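Supplied in structure tokens, the structure appears directly below.
Chain nomenclature is as follows: A, B and C, assigned in order of appearance, with residue numbering initiated at 1 for each chain independently.
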Amino acid sequence: MAPSQVDGPVRAVHAPAAARPGFGRALGRYPALWRVASLALFFLAWEIAGRVPISYAFPTFSATFAALASMLFDGSLFVAYAETLQPLIIGVAISGVIGVGLGIVMGLSRSAEWLVAPLFIVLQAAPMAALIPLITFVYGIGLVAKTLAVIMLALPVIVLNGYKAVRNANPSLVAMCRSFQGTKLQQIAKIIIPDASPVIFAGLRLGLAAGFIGVILAELLITPTGIGDLITYHRSVANYAEMYAAVVSIILVSTLTLAALESFEMRVLRPEKRRG
Amino acid sequence: MVLFGYRVPMMASLIVWCVIWEIVGRAGLLFLIPPLSSVLVAALALVQTGTWQAAALITLHSFVIGMGLAIVVGITLGVLMGRFKAVDELFGIWVNIFVSAPLSALVPVLMILFGIGETTVIVTVFLFAVWIIVLDTRAGIQHVPNSLIEMGRSYGATTFALYSKIVLLAALPEILAGIRLGLVRGVKGVVIGQLLVSIIGYGELFELYSRSFDMENFWALTIILFAAAMLMSAAIEHVEKKVDYYAGVR
Amino acid sequence: MLPAAAVNTAYPAAETVVEVRGICKRYNEVEALRLIDLDFPRGKLTTLLGPSGCGKTTLLKIIAGLIDATSGEVRVNGKTVTGPGPERAFVFQDFALMPWATVMRNVAFGLELQGMGKAERQSIARNYIAEVGLTGFEDKYPHELSGGMRQRVGLARAFAVNAEVLLLDEPFSAVDEQNRRKFQEDLLRLVDKENKTFIFVTHSIEEAVYVSDRIVLLSRRPGRVSQIIEPKIDRTASPDAIRRDQGYLDTVEEIWQGLKHYVD
């Protein structure tokens, strides 16, 4: 039985079957190396798949990234995102304000919780996408419709996170505040809200992720604008490299934004929980 | 929540919302919202039509295959990532990227690769569901206390026995949670897939009813879908509760 | 039966800060406390001691005003308790420090809630931070402190509001053994120095005998007053000598014999 790696983290109890002597140590010392390797492998596989080719409509990795670069430099990507981000930002902002407010009220009031929580639990589990085509009939195909699509998807998750955060605020801290004769208002403002902030913020982050989904769906289902337009246009003229480039850009933008928010969350809001 | 001295369960407030729906519908405020009663009547009629049954069958078919693949692949990858650091480092980035990325953006790509048909929908369901199953399985495996594994090895368990009798069971609460979340995402996947592909199953029906402004049937379809999603989620949650008792003492 | 060292005295009114009369506490079907009658003498440290589930923390929280009693009354300086008040300060078992606030802000929190100005409350807080030996750590956050240091913040916070009665709920149970002994010694020093009344909850017999002027033994659920003991120990001796004092050892042994049959 191979001895468990002393250098690696405790969770890897089994040494990998094909472990070579220096392997584990290299793993432990350069995790970034592994991430780079993983990316490189993926891109290599993509390149090969494109050259085979596995489908006439499957561009190589290099072709896609060339297209991405060209779209970046000729500005078409910026123009597209300027349009796409509008309903996203507006929608998430509105959802954030309403959602956090509603979440706080529900967290503090049992009757509000009883009335509203089940509604949002259903809305979060339900495939809201099915309702998106419906929006167009009342609100047309413009900014309002798309913003509504974003709100529909982002609001439930923000509300539910906010209300759970407030309701699960550290009871010991609340008792401490009461013991020093803190009024109800002081308890809410000085203890409950600060204690709930990290989870509320996480809810906002998840709301943004849901909002991304909403805006993309809106652009694909309602009417193409912005980045959705780039995708459908390039598909219609068989510019597959450009089309894939647009899709990659969406994944990139959403991943980077969410990662930035998560890193902000860890550093600023929860320094004591920083991942070691 | 206490009403008139009786403890009322949480989900009961949904009844209040149903009543509100009925009232709004009858008042005819928005033509988009017919009274709940007529929607329910339409739902009953709808369920008996061949159109709906064919659509439901296709939808169910795609869903089950996609979910089945997601569960098998997801748990396997999750276990591998939880136990072997090399696998974890290799796949970690991708799982973390795709679990919160707007996967709907990938559907047009899938449509080109797999054609406009059921295969695309199956792949969509798979992609929507698999990542969260991987993540939760991995978390479950990592929470298995080392002492349990050492105990198994010290009593001479084979690798197969170790996994089947100890590791997977110890990680079961998280795995079930992952499957529940995967199911919810899978339903979203099958709907989005079908809406974007739009010529089969539920997607086709949604298009049909919304274009012809047949609101009763549209909402009937929606309610049936939402109810199915909630029921599945509740079923898994029930199973989760049964294994929850040992989650705290691992 | 406990021998003559056990004393049950009632105190003249002027010397009693806290009076507990007929306190009962029931949670649905469970009777936590039954007919508690107690006096807590001014300027002394009284300990509530008993096995798990005897309701000692419940009684402490009722005196603090954090929990309502089912029936009965608590009076502090003659006034009936209806909730938390400025004459009582509570020290929590799990420290109850705000993780997002510095040591300074945590210690000054009681004063902040009373509306005291920032400069004034910070200078008072600074004084008590020094008192508990944490000078230099004013700008640190709780997660940067050890368990022992966190509890000292909790103590400083309770002292800072200058309450007459300090209520301590197993304050040293979440702290390691070496620090625990040190805390007990520090507590004795503080009791000597400050002219306050202390009500202390613990399940450790040695700790109770070490620090207390008076020990109230509570029986198992439903909690009732079973014995009151006043340890006769020479506390002017050095901390280590106290632990070998014959009176100390005898009292510990007697209490242990009395409580032994409560262990499952």
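Operating definition for what follows: a contact is a pair of C-beta atoms (placed from the backbone, for glycine too) under 8 Å apart; a residue touches a chain by one contact, two chains touch by 3 or more.
The model shown is predicted, which means the values in this text are computed figures rather than measured ones.
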By mean Cα position, the chain sitting nearest the middle: A
Farthest chain relative to subunit A (centres taken as mean CA coordinates): C
A-B or A-C, whichever has more C-beta pairs in contact: A-B
Centre-of-Cα separation between subunit C and subunit B, whole angstrom: 52
Centre distance in Å when subunit A and subunit B are each reduced to the mean of their C-alpha atoms: 18
Centroid distance [mean C-alpha coordinates] between subunit C and subunit A, Å: 48
Partner subunit C, residues of subunit A touching it in the complex: 172-173, 175-182, 186, 190-191, 194-195, 197, 271-272
Of subunit B, residues touching subunit A in the complex: 1, 8, 10-14, 16-17, 30, 32, 82-86, 88-94, 97, 100-109, 112-113, 142, 146, 149-150, 153, 184, 187-188, 190-192, 195-196, 202, 206-207, 210, 213, 218, 221-222, 225-226, 229-230, 233
Subunit B contact footprint on subunit A (complex, rising order): 1, 5, 8-14, 16, 23-24, 27, 31, 34-35, 37-39, 41-42, 54-55, 57-58, 110-111, 113-119, 122, 125-134, 137-138, 206, 209, 212-213, 215-217, 220-221, 231-232, 235, 240, 243-244, 247, 250-251, 254-255, 258
Footprint of subunit A on subunit C - complex, ascending: 64-66, 83-86, 88-90, 92, 94, 96, 98-100, 109-110, 112-114, 141-143, 161
